[in-house]
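As written, the chain order gives the labels A, B, C and D, with residue 1 at the start of each chain.
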Amino acid sequence: MSKKIRVTVWGENVHEHKHAIVRKHYPEGMHSSIAEGLNEAEDIEVTTATLQQAEHGLTEEVLANTDVLTWWGHCAHDDVDDAIVARIQARVWQGMGLLVLHSGHFSKIFKALMGTSCTLRWREAGELERIWVCNPGHPIAQGLNSYFELPEEEMYGEAFGIPAPDEQVFISWFQGGEVFRSGCTWKRGNGKIFYFRPGHETYPTYHIPEVKLVLKNAVRWARPEGSIWIDEAPHITADKAPEKIIPRGGSVH
Amino acid sequence: MSKKIRVTVWGENVHEHKHAIVRKHYPEGMHSSIAEGLNEAEDIEVTTATLQQAEHGLTEEVLANTDVLTWWGHCAHDDVDDAIVARIQARVWQGMGLLVLHSGHFSKIFKALMGTSCTLRWREAGELERIWVCNPGHPIAQGLNSYFELPEEEMYGEAFGIPAPDEQVFISWFQGGEVFRSGCTWKRGNGKIFYFRPGHETYPTYHIPEVKLVLKNAVRWARPEGSIWIDEAPHITADKAPEKIIPRGGSVH
Amino acid sequence: MSKKIRVTVWGENVHEHKHAIVRKHYPEGMHSSIAEGLNEAEDIEVTTATLQQAEHGLTEEVLANTDVLTWWGHCAHDDVDDAIVARIQARVWQGMGLLVLHSGHFSKIFKALMGTSCTLRWREAGELERIWVCNPGHPIAQGLNSYFELPEEEMYGEAFGIPAPDEQVFISWFQGGEVFRSGCTWKRGNGKIFYFRPGHETYPTYHIPEVKLVLKNAVRWARPEGSIWIDEAPHITADKAPEKIIPRGGSVH
Amino acid sequence: MSKKIRVTVWGENVHEHKHAIVRKHYPEGMHSSIAEGLNEAEDIEVTTATLQQAEHGLTEEVLANTDVLTWWGHCAHDDVDDAIVARIQARVWQGMGLLVLHSGHFSKIFKALMGTSCTLRWREAGELERIWVCNPGHPIAQGLNSYFELPEEEMYGEAFGIPAPDEQVFISWFQGGEVFRSGCTWKRGNGKIFYFRPGHETYPTYHIPEVKLVLKNAVRWARPEGSIWIDEAPHITADKAPEKIIPRGGSVH
């Protein structure tokens, strides 16, 4: 019996309570639908956490038992506590995978890991998005054809203010004429990070089979594969040096 | 008449006032000696700024007129104002070059740009450091032989908690038996970033000709070469789309 | 007086002699039109070379005096001599810039430098191509707006079989529904490489102002900036080691 | 029952037959010892192949059934058939892992995948090599301490003529004073590539536990994780375009 991948689906969970259009597509909240899609996989077990919970549902214990965290946020990025962001970032360095979804491009955790502005151009017009696979052999693209389509989505367009991705998995074509780097990977410390563009709150994107498939693939790709490295800055005293040395020179300590 | 590269040398300027050993090597402060070395070049003009000045000497105006910023800090990283760090980071995205020196690996600005822990192992024993050139043709290595030596330096050793560098320019060999990625480059937005390891406060490192040469080379390499891109997230209304589209679907706006 | 950048524009020069449609747009050959566009710049001086010349016009001397080489080929990739390809590759390692144009994606020199298949999907239907800028501050994108359009071009679509680019400068949107990584940079040795997608032989692409501008920008970006590094594998005998060592163990030499 | 990783250990197998010092350490050939080390792992099954076999033991069928190929060669790089090299390269693009060992840095297959000179400096003096881990959490470094030592090895020193690695796993410190990027990863197509420095023929390196451990780890890391992508350049006729287009403009076809 092989161990399941433990996923925590984090949801901002604000639009759902304010806007009927969002509730229509996601009556139990967007996080619940994302979790449901992942739960279709036998090798994945999912829990959810939301902004409104104590410590946003992301206690030390929850994160310590999370292999892959998914992040959807939009209108309440600033309400996420800086201390929780730092905690998540440290877990990513240790090896926890992170899937950043759609408007999560402007979340504190994504900007902190990228070190860049993460800006983009956008339009909300319910237009067709066609997502092309840049590498058909990539683990995250398994089971897809050359492309798949979302009949109604928000447009995100270049320039996208990110560091050069380690790998380009998807690029989007929009009906209105723009393009976007829709699937990008990076590594920070030992954590694998995947940004996936689709998922605007006013469309039923997370119910679309190809989107659910990409998220399942991405969870498998992002799961920790090495060991936990607790970052530290060890002081190696001169007598512990691998080669014999005689300390010399001054010190301020 | 070609335009000079405008460098701002930033110094924490604390050790110099507390420790005679530091004052001995740098009677006018470490920043003054770093500036002096750069001033040897006819194509570079240097000003200095320190932690103790208003806005740490890094006002909007100063940064707007800085092509390359150098950063040395150690014991007072936490005293640097977060708002100033954000201001520097935005200027790096616009294209300002940044040279991070020695213990600046733990500065707020370096950690913010890297998104990682930036940890390393260390030892203060005045040992020999031999710095090897990984790419003799690289602009930052011009004028150097295969390696150069610093007779007394602090040891920094791997593992160094950084994202994979765009280019590896130098690697250090230490007498005590360690190695370190001593010269690394990255790009964040349009800003070129160079981390250069040497420069412990208790040794006369910034007076050594090869160190001064590397800093001059690095300034030339890091100077802005494109244009300023003021990051933003433009809203493209449907009527401004390159292709004609009819908006559909709902909106929370 | 600053030194001009010496560019050699290489042309396969076969279609021009076989197909009236190509001659119509490029009566003196495609290489002549590409050269003409570059010659608009005061800081660039251009010569041309073609497949049909002795050593394809790329003698040791010609390459030694070339700062940046541009490469357009299509139907005669296999007729390029392997020894000349190796000679070009060695010059790239030394620092010569290389601009690979359109169907040059399948040239021997591009495949040799990438190490990958360089495959892509394609369609020749004279459709609209809209080229988006991924980083408005990048030197290669200077003077462009957010995008520019080519009214008639061949389609190249993902998946493009390349190693992850160092930087993504352009991505194309095609009227027929595809996307493509149209402007990519890499470094091999000290040579900067830029792949630029447009330039099908049956359309007047190289007469379009934005295309000419990109090529001028790319030449400036790709010019050598360090020194020539003649690659070698030096044998360091034990008595030449930086640290004193006593040789031990066996040898097959 | 989970499927074993199928490894083919390729050996040049020349020194063993010419030099008693090599036979002493590797009486059955270096490939046999490398295979033996890997066979200690229950999840790995190993076969061997050598230069002297028909098609160097690397038929289409053998490669199709190889998950990870390891490559050791030195004095007979030029005797490897170009057609076999192209066959291996195509399999790497499809996803086969490749471990390149020691003097394999100058093999045809490694140079073809890197696109660079792969030069380095070297000395055969049986000196101490200390290999440092740059990322303790990396899958290839599992089970190691901060460093491990090889009491007698050939020296390889920087500058190493490679493209910037995706990840730096190991860096070596040599007794004679040099450093080297001893463990580097790249991806070409879907194939994961790991270069591992140690393994000179006149020392018993492949019997050392840490070296055997690294090779086992690297096999697990390099195993194919996506699907096979048979590279091709599909022609999409206008009627197959995702969006309806009317072909226009000329053609040479």
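Just so it is clear, contacts are C-beta pairs under 8 Å (C-beta built on N, C-alpha and C of every residue); 3 or more make two chains touch, one makes a residue touch a chain.
Bear in mind the structure is a predicted one, so any value in this text is a computation, not a measurement.
Engineer: Could you quickly compare B-D and B-C and let me know which has more C-beta contacts?
Structural biologist: Comparing B-D with B-C, the pair joined by more C-beta contacts is B-D.
Engineer: Among the chains, which one keeps its Cα centre farthest from the Cα centre of chain A?
Structural biologist: Greatest centre separation from chain A goes to chain C.
Engineer: Just give me the whole-number Å value for how far the CA centre of chain A lies from that of chain B.
Structural biologist: A distance of 29 Å separates the two centres.
Engineer: In whole angstrom, how far does the Cα centroid of chain B sit from the Cα centroid of chain D?
Structural biologist: For chain B versus chain D, the centre distance works out to 35 Å.
Engineer: Per the centroid of Cα atoms for each chain, what is the distance between chain B and chain C, given in Å?
Structural biologist: Going by mean C-alpha positions, chain B sits 32 Å from chain C.
Engineer: Specify, in ascending order, the residues of chain A that touch 2 or more different other chains.
Structural biologist: 121, 130, 135-136, 157, 159, 164, 166-167, 177-178, 187, 189, 229, 242
Engineer: Which chain B residues qualify as touching chain D in the complex?
Structural biologist: Counting only chain B, the residues touching chain D are 121, 130, 132-136, 146, 157-160, 164-168, 171-174, 177-179, 181.
Engineer: If we count contacts the way the header does, which residues on chain D are in touch with chain A in the complex?
Structural biologist: Contact set of chain D toward chain A: 2, 94-95, 130, 135-139, 141-142, 147, 166-167, 187, 189-190, 221, 225-229, 242.
Engineer: Give every residue of chain D touching chain C within the complex, in rising order.
Structural biologist: These residues of chain D touch chain C: 15, 18-19, 21-22, 75, 89-90, 93, 106, 112-117, 119-127, 152, 155, 157, 159, 161, 163-164, 175-178, 186-189, 201-203, 229, 231-238, 241-243, 245-253.
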